[in-house]
Amino acid sequence: MSKINLSVNLCNIPLNNPGILASGILGTTRALLKRMVENGAGAVTIKSISKEPREGHKNPTVITFEGGMLNAVGYSNPGVEAAAKEFSQLNEIGAPVIASVIGTQKEDFVRVVEGLSAQKFSAIEIPLSCPHTPGFGLLAGQGTPQATFDITAAVRKATSLPIFIKLSPSIPELCSVAKAAEDAGADAITAVNSMGPGMLINIDAQRPILSFKVGGVTGDALRPIAIRCVYDLYQSVKIPIIGVGGISTGRHAIEIMMAGASAFGVGSAIYYRGIDVFKKISDEMAFWMQERGITNINEIVGVAHD
Amino acid sequence: MSKINLSVNLCNIPLNNPGILASGILGTTRALLKRMVENGAGAVTIKSISKEPREGHKNPTVITFEGGMLNAVGYSNPGVEAAAKEFSQLNEIGAPVIASVIGTQKEDFVRVVEGLSAQKFSAIEIPLSCPHTPGFGLLAGQGTPQATFDITAAVRKATSLPIFIKLSPSIPELCSVAKAAEDAGADAITAVNSMGPGMLINIDAQRPILSFKVGGVTGDALRPIAIRCVYDLYQSVKIPIIGVGGISTGRHAIEIMMAGASAFGVGSAIYYRGIDVFKKISDEMAFWMQERGITNINEIVGVAHD
Amino acid sequence: MIEQPIMVKICDIREESPDVKTFFFSKGNLRFEPGQFVMVWLPLLDEKPFAVSYLQNDVAGISVLRRGIFTQSLHDMKISGTFGIRGPYGRGFDLQPGACAVGGGIGMASLATLADRLPDITILQGARTASGIIYQNRFRGMKVCTDDGSLGLRGTVIDLLPEQLKSRTFQKVYACGPEKMLYRVVELCNRYGVGCEASLERYMKCGFGLCGQCDCSGQRVCLDGPVFTSAELSVMEDFGKMEITKAGERVIHK
Amino acid sequence: MIEQPIMVKICDIREESPDVKTFFFSKGNLRFEPGQFVMVWLPLLDEKPFAVSYLQNDVAGISVLRRGIFTQSLHDMKISGTFGIRGPYGRGFDLQPGACAVGGGIGMASLATLADRLPDITILQGARTASGIIYQNRFRGMKVCTDDGSLGLRGTVIDLLPEQLKSRTFQKVYACGPEKMLYRVVELCNRYGVGCEASLERYMKCGFGLCGQCDCSGQRVCLDGPVFTSAELSVMEDFGKMEITKAGERVIHK
């Protein structure tokens, strides 16, 4: 498969393949980021970082079900100071590293972006879309066009790195929020975060399984929703889209790229297909391209549109 | 299992078990309703009926995927006149029959309810929540508190039958919509309709699979969302809730009842577990109750709440 | 069974008659039983059920009668063109030696792989006129009749069948074609005490027993059928009488 | 493997020491390998990993050292009480005859089923004081030491081990206990040229390799471990030094 070219250029960041480790999955340490790159990720995202350390919710925080996964980790993270130490010498990771930055108000986002500015991150991702952490994302009203505009604009002033705004699949005004982000200077949209929230109850314990009771749904269940979000966004914004949600095979990756994604994120599939899921996906994509005589992956972006 | 009592009383409608055939699944003819009752359904809902006949969307209209099902049937139905003929002598069906009534404006709902009034329906279900039919449900703004109040109030005047308002899982204001329905005189909330919409793309055809491109997601993918909706609604409204979404086993049925449902609907599972799915679910519920020494199913409603 | 359509490439096209073309495609590891069908998808257009009419080593075929826009679009396709298939769906025929197959028009397509598998089968095919008869070279001993007598005997299979039933003892009669014809075939078989299996046609949506579109008296033609025994058909009131339109209207069967 | 917690009923409770209780439950058709763990859920409270320390015909057991609120709540439970378990998770020990097991405190729980399966195993157990020693009746030949000499030899297993390694040739050394102890056991084994497998402990969330909480130098203790070979440990810089708190802070290992 020598002629197959999987490399993409995302907001001037060169990736040797379009698969990106999604935030919150194994992005807790520098060592794990490195391992994911060795296992084929085209880029990696760190677990979201807030100004202060956060313990997150109690266990159970992540649970699987027939259609995917439910999680309410609650943004546990060591805070920006510790994170700046952990994620140093990023040039040795072997692929671009994306910082994920959260806050309860726009000043927090700026503080964290500044606190990480000495490290060689390739982009800043801002999730405004967590469905299960009080004070953050949807539970703090960050998923509205106005809040999105304000936060994006503030971060825009604080950094010259590409900014990715990460959206929720569970808001009707998805496209207006994306447009607000674009207008405020975002360089890409990450679509989507986990959906819901959802709940699973253990009938023998007669209680919700997650300690926070509700959590975000990811994995297979999310895929059709993510594909639709990307498809809609592709018609609404001009900036590139990073498609995330239930991608676990090369066919899924191609599907979300055909819907309009320039790159794709992978999270839950690491459970379903192992830590080498990125290698598997790249091989499957290359095989499909080979069979169809497609040599450049960028050709397929958005082709599902009429 | 002689002592196990699965019968419930839903808005004064006696059901010999809490499993209800969801609208749009096999509810096209009187003969199929009868067959579902013979196969164990505690009640059955007819496919939604509008004033005029509707052809619905072109095929493909229903498709499965790893996490469930995607459909955009587009409310095909023969219109109220033909429906009134089809669904006659309902007392012979063997269980309560629920009419599902749709419209593009509130007068339509009233017209259909009146048009079906000569038949012995046990309740009227009003879905204000379809995510994929222009002119109806979410695509017509029927999922807002105001529209829900207006439509419910209008139907309330037109019938003395119990009214079930069927809601979408994909609206943030779920509980306010339910309250509006309750305030306008609804007797129960059906939660939920299909979610999304979602999209699936065939990468070899490079096109969305459904002819309408997007459709509602049902089955396993929907279950955690449905459970959460029922859980939230149980704390918001006093009227009973009919839980629908991804129920395919006795454990799932118990789960949604523990979240707060007084009865539950089953749709997609007929594909996954066969036409006798209601019998299977009842047996599984009874077995679980037997093991736990629970004799009356009504005892478990809402017990997952603190 | 394939749940989501896979795109298959047409590797050969055969003109079976002026109005019927067979499209061959590589069948991969799909298994079909005679009487089962696939949902055929033309992206952006529509999706409809078709019997699998040829089953060779690696290749399967569907025989398509040009009727409306969908089948016209299929007829316009060339070798290397692609369409989607999902399935196979439905309950097929219960194969028995010493049988007779009765096909009306394109109904013959459903019976063809059955006939391939039963070398001693007697085949009757009827059509309005000579140009409607298909598979003449495929089934050399086939008895043919046309309404206008332009090929074979003049008359319908209903005219031909009693003679066959009288002269021989069939283990079973298999039938596919216009429902009015099927109805009479079943009547004849009942009269002569021969078991019959008939394959019905209804407008279909899901193809897997969920939507209720293809109902015939409480039976889902897509899943419980399309093949039903004469015993089953005897309690299906709609058989030979009513069908349900795309909009769900109950109409008299053409 | 069970992905969602199932509630199991406590069928027996054994006091292993003043601070350690074993809770037995019917294990149904779950299969555990020595070294694997389950996530134990107390609804409304928390969920934590515990080694399976007993494996009998139909019954399994976990041995719990009272440390904080969670383990205190477990200790408060009575027979017929229930807790949730999911799993088993992780990579267990690679069993070989002619081995030695070295347990520090409650670390002995991870080694217990291994010892059950290897009848010729030599067991060393160390604890701070006599009341910390468990399974004395279960493993009769077990060599015991305490920091204060209140039971067995005075000293730690690190004091005891070199003598064993000198006097006999073990095929392998298995170790579980405080990480500082494990670090020194691995050092000793390297020095004496004996392969070693050590079971690590890290704060865990998912338990199945997704969340990254349990990282130890790029290895997920929950899935890639908890048992690692000395070769693997030799390239894990954090081993014996750093662990990661619930909030993701990198802290010096106690």
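First chain written, first letter: the chains are A, B, C and D, and each begins at residue 1.
Note that a contact is a pair of C-beta atoms (placed from the backbone, for glycine too) under 8 Å apart; a residue touches a chain by one contact, two chains touch by 3 or more.
Predicted, not measured: the structure shown is a model, and the values here were computed from it.
Setting chain A aside while every other chain stays in place, the touching chains sort into these groups: B, C | D. Among the other chains, C has the CA centre that is most remote from the centre of chain D. Annotation: 36 Å between the Cα-based centres of chain B and chain C. Centres computed as Cα averages put chain B at a distance of 50 Å from chain D.
Touching two or more other chains at once are residues 65, 200, 204, 206-207 of chain B.
Shared contact sites, meaning residues of chain D that touch two or more other chains, fall at 44. Arrangement of the chains shown, judged by which pairs touch: a linear chain-to-chain path with two open ends. Working note: touching chain pairs come out as A-B, A-D, B-C. Against chain A, in their complex, chain D makes its touches with residues 3-7, 39, 41, 43-48, 82, 84, 204-206, 208-213, 215, 217-218, 220, 238, 244-250.
Those residues of chain B lying in contact with chain C across their complex are 24-29, 31-32, 34-35, 47, 53-56, 58-65, 69, 71, 73, 76-79, 82, 85-86, 200, 202, 204-207, 209, 211, 267-268, 270-271, 275. Of all residues in chain B, only 65-68, 70, 170-172, 195-201, 203-204, 206-208, 213-214, 217, 219-225, 227-228, 231, 246, 251, 254-255, 258-259, 288, 292, 300, 303-304 touch chain A in the complex they form.
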